[in-house]
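So, here come the structures, one by one.
In the two complexes below, subunit A is the common chain; its partner is subunit B in one and subunit C in the other.
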Partner chain A sequence: MGKYSIGEFEEVILLTVAVLYENAYGISIKEDIEKRLGRKVSVGAMRTALSRLEKKGFLKSEFGEASAVRGGKRKRYFKVTPHGKKALEKVMEDRSKLWEAIPSMAFDFKFA
Partner chain B sequence: MNNSLQTVLPKLPLRFLKWFCSPELIEDVEGDLSELFAMREEESKVKARFWFYLDVLLLFRPGIIKQVEFNKGLNQYNMLSNYLKIAFRNALRYKGYTFLNLFGLIVGIASSILVLMWVDDERSINKFHANGDEIYQAFRNMKQSNGMVSTTTSTPKPLGDLVREEYSEVDQVVWLSQSMELKIQLGDQLVDESGSFASPEALDMFTFDLILGDKGTALTELNSILVSESVALKYFGDNWRNEAIGKVLRIEDAMDAIVSGVFKDLGAKSTMDFNWLMNAQAYFGVNPWVNDWGNGSFQTFLRISDESKVQTVSDKILMEIKDHTVGNPNAGDEEVIIYKYEDTYLYSNFDNGVVSGGRIDFVRIMTIVAIFILIVACINFMNLTTARSSRRSKEIGLRKVMGAPKKSIRTQFYFEAFLLTAVAVTISVFVVIMAMPYFNDLVGKQLSVDFSDQRTWYFLIGLIFSVGLVSGSYPAVLLPAISIVQSIKGTMKQPSYAAYFRKGLVIFQFTVSTLLIIGTTVVYKQIDYVLNKDLGLNKDNLLAVGIDQGILGRLDTYKSELMRLPDVKAVSAASGNPLDYGRSTSSTNWEGKNPADGYEVNVMLTDEDLISTMGMEMLQGRDFSLQLEDSTNFIINEVAAEMMGFDDPLGKKLSFWGIDGRIIGVVKNFHMRNLYEPIAPLIITCIDPQRSNVVLVRIGDNMSETISAIEKVTASLSPESEFEYQFIDEAYEESYRNEKTVSKLANIFALISILISSLGLLGLASYSAEQRSREIGVRKVHGASVLQILMLLSKDYSKLIFIAFIVAIPFGFMVTQNWLDNFEFRTSLDPMVFIIAGVMALLIGVLTVTAKSYQAATVNPVKSLKQE
Partner chain C sequence: MNREKRNFSEWLLEQLCREEYLEEILGDLGEYKEELSSKPKWQRKVLYWFHVVNFLKPWSLKKFEGSQKLNQYGMFKNYFKTSLRSIKSNGLFSSINIVGLAISMSVGILMILLLSELNSFDDFHEDKENIYRVTSNKFMYGQELDMGSASYFVGDEVSRRVPGIESSVIIREGVSADIGVDAGLIHLSGLYSTPDFFEVFSFKLKQGNPETILDGPNKIVLTSSIAMKLFGTEEVIGRTLDFQSTGGWQTRQINAVVAGVMEDPPKNSHLQFESIVSMDTYDQPATSGTGWDANYRTDPQDFQGNYAYLKLKDSTSPKDVESSMAEIVESYNAAQDHAVTHLLQPMDTFVTSDKYENDLGPRFSQSQLNVMLVLALVVLLSACFNYTNLSLARWLRRSKEIGIRKVSGARRGQVFTQFIVEAVMLSLLALVVGIGIFLLIRPGFLNMPNPASSGHSMFSLDIGLRQVLYFIAFTFGIGLVAGFMPAYFLSKLKSTVIFSDASKVKVFAGLNFRKVLSVLQFALSIGLIMCAIMVNKQYQFALNYDIGLDTENIVNVKIKGDYQELLENEYAKLSDVVEMSTSMMTMGTGSAELAMIQPEDKSSQSIIFWNGIDHRYIEMHNVELLAGQGFLNPLVNGQDREQIILNEHALEALNLGSPEEAIGKFVHMRGFWRAKLQVVGVAKNFVNTSINTLGQGEIMMNKGFGFVQRVHSETSGLLGVKFRGNDLVGLMRELEAGFKLHDPEHNFEAEFYSDEIADTYAAQKTAFTLISFLAFLAISISVLGLLGMAVFTTESRMKEISVRKVLGAGIKQLMFVLSKSFIWMILVSGAIAIPSAYYVVDKELLASYNYKVDIGLVEFLSGFVIVLFIGVSSIIWQIRKAAVQNPADLLRNE
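Now for the complex of A and B:
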């Protein structure tokens, strides 16, 4: 926890931003999650998660070009910051620590 | 991207989005949404729109909604929260003063709320009629040759007929009888119920809540009867809603009436009080005497919807009775006046035919008192705040150095005043709710705080603002004026007027308190006088038993049966309670009377035992000895003797109601009405004891046993009638209930006022003792005794209370004398009253100051001088 505190949905968003690399903006993130993970994402939930992540410093953003399909509005592209990367690594690390700590018998359901 | 996919977003949600979305996010969010919309539009336009609406709604969440702008960038909000913080810190730091302040305010506000609720209730009585502002009641002024005018509501019935036919200005005319008791029988159930005869239009003119029946037709038949909900429940049981209508009730064993409606019980908000209503024509039909212009019978109500016509009507109606009774032997010199019915409850006293007040006097007095109490409580706040302003002077100075203008310091002190008041009002409301049952007991009402009523909230908010404004105003004017340099240096001197003003306020508080004590004492003395006055008869251990036809027929048997009871001393039948009597005639004639003069003389019908039973005193002549012998002999009272102008009334001829007889005695005056009114002339006759309504029984001290014995006798002679009795002295006391209530209220208020004032004084005294602690130390080092220091400290404030006493005397004298003047019979204004009030206020005030000063005076000077 501490300075790398991150929620599950936030983690998904952050990872997706990393996956999309140069093409991570609102709609692409939403679509990617929906396609890859098969879960519904509302614009509102995603938007709040993005701004929260940006406030925590895990993401940074800049405006891209305007396009007609967006009604002349510019896209805001997101990028994972080094701090965000550390946060993701921390989460991974925590999880693998836990995975490693699981005794081999624990998931052996045959005798359960 | 394809340019042809230029999309048009739905306008309404877009505007909503633009309104709430934070400006940093709006461009991107809007772009995302339009991109999504374009994609979805390819599938289905309807779906795209639907999702767009939903997305916008889902975006309405914290994190995306912009910060509310008015707290951003402006300092007001921060300053207010700072004021709030400082106010709390100050309040907690000086807990004692905060407590004094709050306690005074709470006591003052709570008691004012209670009294204002009482006032509001008084004002709301009879105001529930929807057409209330169009209903006028006719009153009859009967002029008497001695210059007095007596006013009554019972008007001749033909007056109503005349107005109905000839007055185009009047929309409706309604007759309503005075309340009368009738025996109502259903099966074997027979009960006396009081009610009235009324015109069918009464249901339309007044707003009586009909539960069953139609107000247009319910009273139109001669044999219809409407009953109240409680009577319906009594006769028809729980299922009265289905049972009552169409049932036949036997009235006085003389006629059958069909229940045609049930109305809601009239309740405490109505002075009209009837449990049944019957058609007035049914009464007129069997009582032809009502058709005489000379006989007052029913109350007459007029509905005049055009207010500009009211004057015309009252001009026209004025002389109607006189014009129609020319040559009528029952005629008197009479005028008819009309008053708005709603006002007749508060303005019920008539003095020489003109309204001279009534309960409105009490309502006004109590309103003024409530406001004064509030002011006294506000003054505490002012004085405590300004006196202790040196505590805050550094804060004020610093605020000014940091650039605070006077205005914002003023705002701060108003803010603190409003805050404290809001807390006090909130707590007061709880206090009021807790105290409500006791208060209701005291005033005999059923009041309750109704939070669903908007007026309650308006009132409470108004209270917070007015009390906050008054108590905050003086500190808010005085404190910002402090000079910066002085306040920072800590040598702050308040302007000299500030101390004077403070003293002035203390004087005001104690003047109010002293006035209230004076007022209470005078009211108490007058009520004591009223209740203990020699009324001309002995009202103790005296019972009035209601009797009916069954007993009247065997009156002599009844009397002798009662006399055989061991604890019954005397028995007499009479046509009413002698202490509350008003049956009069203007047909009297006597030797030497000027035929042109009209006099209204009371007539009491009784038997030969009245004078002795009542303990009345004969001044001249003799008492009746035997009813049969004395049936045309009359006894008159002193007032009548004087009015008739006889030097020696004995043996003089006197006639009324067509009975000729002679005067055989003069009885000492006794009071037949309340003490607001003079004693009226009276003729006592024993010609027909059968026309009595009550039997007066003088009993010994063995009351409960005797009463049940009397009940047995009554039941044996008249099995079907209810046994009803009252103690004459209790009934008499009851008739002054209003005065007693006000006296109790005033008493409590006087106590509260002096309590609040003393609290304020306590705060001031302890503060000045604290400020002068060094001075006291130095004095003690130089050998001053505790007593001397006590004198020194108490002197200042005692002087103020003494001044307050001097100021209160003339006001108190004026006010109380004015009130006493209402009474025809009154106690004298005793200087002792003023002295007692003054000494009480002085004693309480001085004790408060001295107690605090004693604390200061006994401190070891080492302690107070040590700290530098």
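Now for the complex of A and C:
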């Protein structure tokens, strides 16, 4: 497991970066999570998660072109690295393994 | 990076945030700003700053130098704790400081509330920034006058002819009536207005169609509170309201239909009214009285009580409208000696401008505000000086603590912060006490007559959340100002010096600074006391000034109908009533009518003020006649006025020669009536205005004045009743009973003549009350400071005192030695304060007065003597305590 260790929030961020593909930067990530998942995201938590993911090598970032809307400031775009993709797959795989292992009776709440 | 466009928030972030994130953060901020642009302005600001602050998080902040961590909570917690301890352990000094600061802060709080309420005046109008009032500049009464009013003509023409005006409304004063309902008489006040009232202003209409509500005659809109009073319900649309309105020198019958109900005008509206009557109603001639002109809509001269408001489109420049107005009155001006000019006054200056005469709504002029601000600042500074002084004086006590801190690695900045935090905490404590004091003085302030409007009732002085935030910011400011000097000096101390030889630091730079502060503080107190005494003397002087009329023991009763004779007969029965006479107006209070007057050959002309009086007036009021006699007989209704009594100024203006020569000559007089009058008497000059004020006062000063005859039993006027005896309450009750007998409809209005004169000087009274209150505060604060210093000095010189005593010094000598430096300081401050206060009073405060009181030696030295006395007695009290102690007790423990 160790190599692909990833938290729940980090996973959400990583997935969102992947969803947004070429348009993943600070605000868009935050807003996308808020819109899609309906949960509040604090800028600080997101920043910390992003920088941690980058440190782990799941993400890489680069500055894009300056845009007028942002007062001439560049955006820092994030992209999922192959390593990151593996990490996500690993999480998925782990989950589905677990799902498959659940006996059918376990979720049968009718008689409980 | 775009350096020019960098604003404060960006600068702040640049200072605080890590470089690697900065660009992103600023970019995000830019994006948020874009998103917010659709929100209303205040939300935009708040949310924008929320985002700015939101970026200041541990992840984004720069690492601070060295081993220091961003997290300084621990440090602040420590400051907080030591501050509390130090405040607690020095009970006397802390309480002196807290009380002093609290007193001054209560004044500061008052000023903050005043300012914020003044700034929010008329804020509820949408497009407040686009609303303007048409002002007029006209040559009148012998001088140029700026007026807040304008003719109907110009308001109407400009709105029709000039493009770029979104809407406009013309308002006329003069709805005033007593309406009888079951519960008694209800007074109704109001304005006439053209139809677009609710388009220009954002008053909330509860019922009624805003489009047509004031179209056509005989329509009235009521505020909900007056509707409740009159009808007991708000569902009053379509009900009729018939009343006699007596306003603007005329009486008119109004039979109106209620067309709408609106919410009461907010307190911060410059327009205050209970009803709006459609302007078309005003087209019908008045039932009686003067001042109504059928051509009022087209007469460019008709300025009185008529106001035009324009709401411009965003793209329209007020300058363009002003030049269009100049074109409108051009043809009219061509035929006049003095041109009329019209300008636009933006809404946010309606209340604070003191330029305009004859304007509508309450006023609190900028100059008045400035005086108060300066005085409040003086008191605040005085309290800050106390803190600075006492903390500096006690430096020795804290020096060990500072030494330890520095040895354990505190930097100068940290010691500095510690002392600032202490000062701020003390100020916060003082703020709590200060709010309490403020609540005590608030009613007093609100009830004080305001020279420019009916009272300070234009303010509510309520404390809301926003105001509390202002207070806290203000308190931090005070803490910073008060704590800066001590923090600066104390943090400068070197630990080696503190521990090795404290006596070396004795020659402390703060010492002289301290003395300068004390001297300044006392100078301010002395100056304020002097100002208060001199303003009061001027006030008393004005009250007792011989205006040339006898006003003692006279009650003026307002006549409101056709019953003068009946009333007189009724009053004649009262045992306390000596004499009676009637007049149109009260003399000596600044009210008078205006007319043109010419000698018989019409060789010259002049403006004169006049009053109508009856044949008994001159005698009853002891008006001194230089020649001729008063009127002999009453003027009966239908008879023409034939006689006039002029004063000396009028003779001069008309070249009628000496008083004796003037008798028997004829003059032509033209007011709203014309007559050829024969001069039958010449009166000595008298004062018919507030003798103190400039402005209107100056206009009426030294102008000719004439008495003509008031028509006997006219339906309006004043009945002056001269009385004897001291039972004033009983007299008033009897007068009222007599009045009610003949006029059950109207309110009984009567005032003692001397009270009416006093009302004329309400402005001076207010100035006196304010200045003396602040002087009182300033002196209490400085005496507190002095007391603190005396306590401290004696405490720290206890050993010296004991040794001196042992060596044989007497109590007197000791007192002299100890109090020498204080008395010296008070003397120096007196030397500074007396001339400067004299200058301020003479050149500023009383400069605008026509008749100035002489400033004598007593007033000159009063402030100084008071401060000297209070100061010396508080020092002596302290020093005596020290001087009578047994020296053995003190020296034994060495």
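One rule holds in what follows: the second predicted complex is superposed on the first by the 112 of 112 C-alpha atoms of A that agree within 3 Å, B and C clash if a C-alpha of one lies under 4 Å from a C-alpha of the other, contacts with A are read in each partner's own complex, and residues count from 1 in each chain.
Quick note on the criterion: a contact is a pair of C-beta atoms (placed from the backbone, for glycine too) under 8 Å apart; a residue touches a chain by one contact, two chains touch by 3 or more.
Given the structure is predicted, the values throughout are model-derived calculations rather than measurements.
Looking at the shared chain after the overlay, A:44 reaches both subunit B and subunit C.
Looking at the shared chain after the overlay, A:74 reaches both subunit B and subunit C. Applying the stated contact rule after C-alpha superposition, one finds that A:52 touches subunit B and leaves subunit C untouched. Contacts of A:83 after superposition on the shared chain: neither subunit B nor subunit C is touched. After superposition on the shared chain, subunit A has more residues touched by B, the comparison being subunit B against subunit C.
Shared contact residues on subunit A (touching subunit B in one structure, subunit C in the other): 25-27, 43-44, 47-48, 51, 63, 69-71, 73-76. Contacts from subunit C toward subunit A in the complex involve residues 1-2, 5, 21, 23-24, 26-34, 54-55, 57-60.
Here subunit A touches subunit B in the complex through residues 25-27, 30, 42-45, 47-48, 51-52, 63, 67-71, 73-76, going by the rule given at the top. Here subunit B touches subunit A in the complex through residues 1-3, 5-7, 9, 25, 27-36, 38, 54-55, 58-64, going by the rule given at the top. Subunit A meets subunit C in the complex at residues 25-27, 43-44, 47-48, 51, 63, 69-76.
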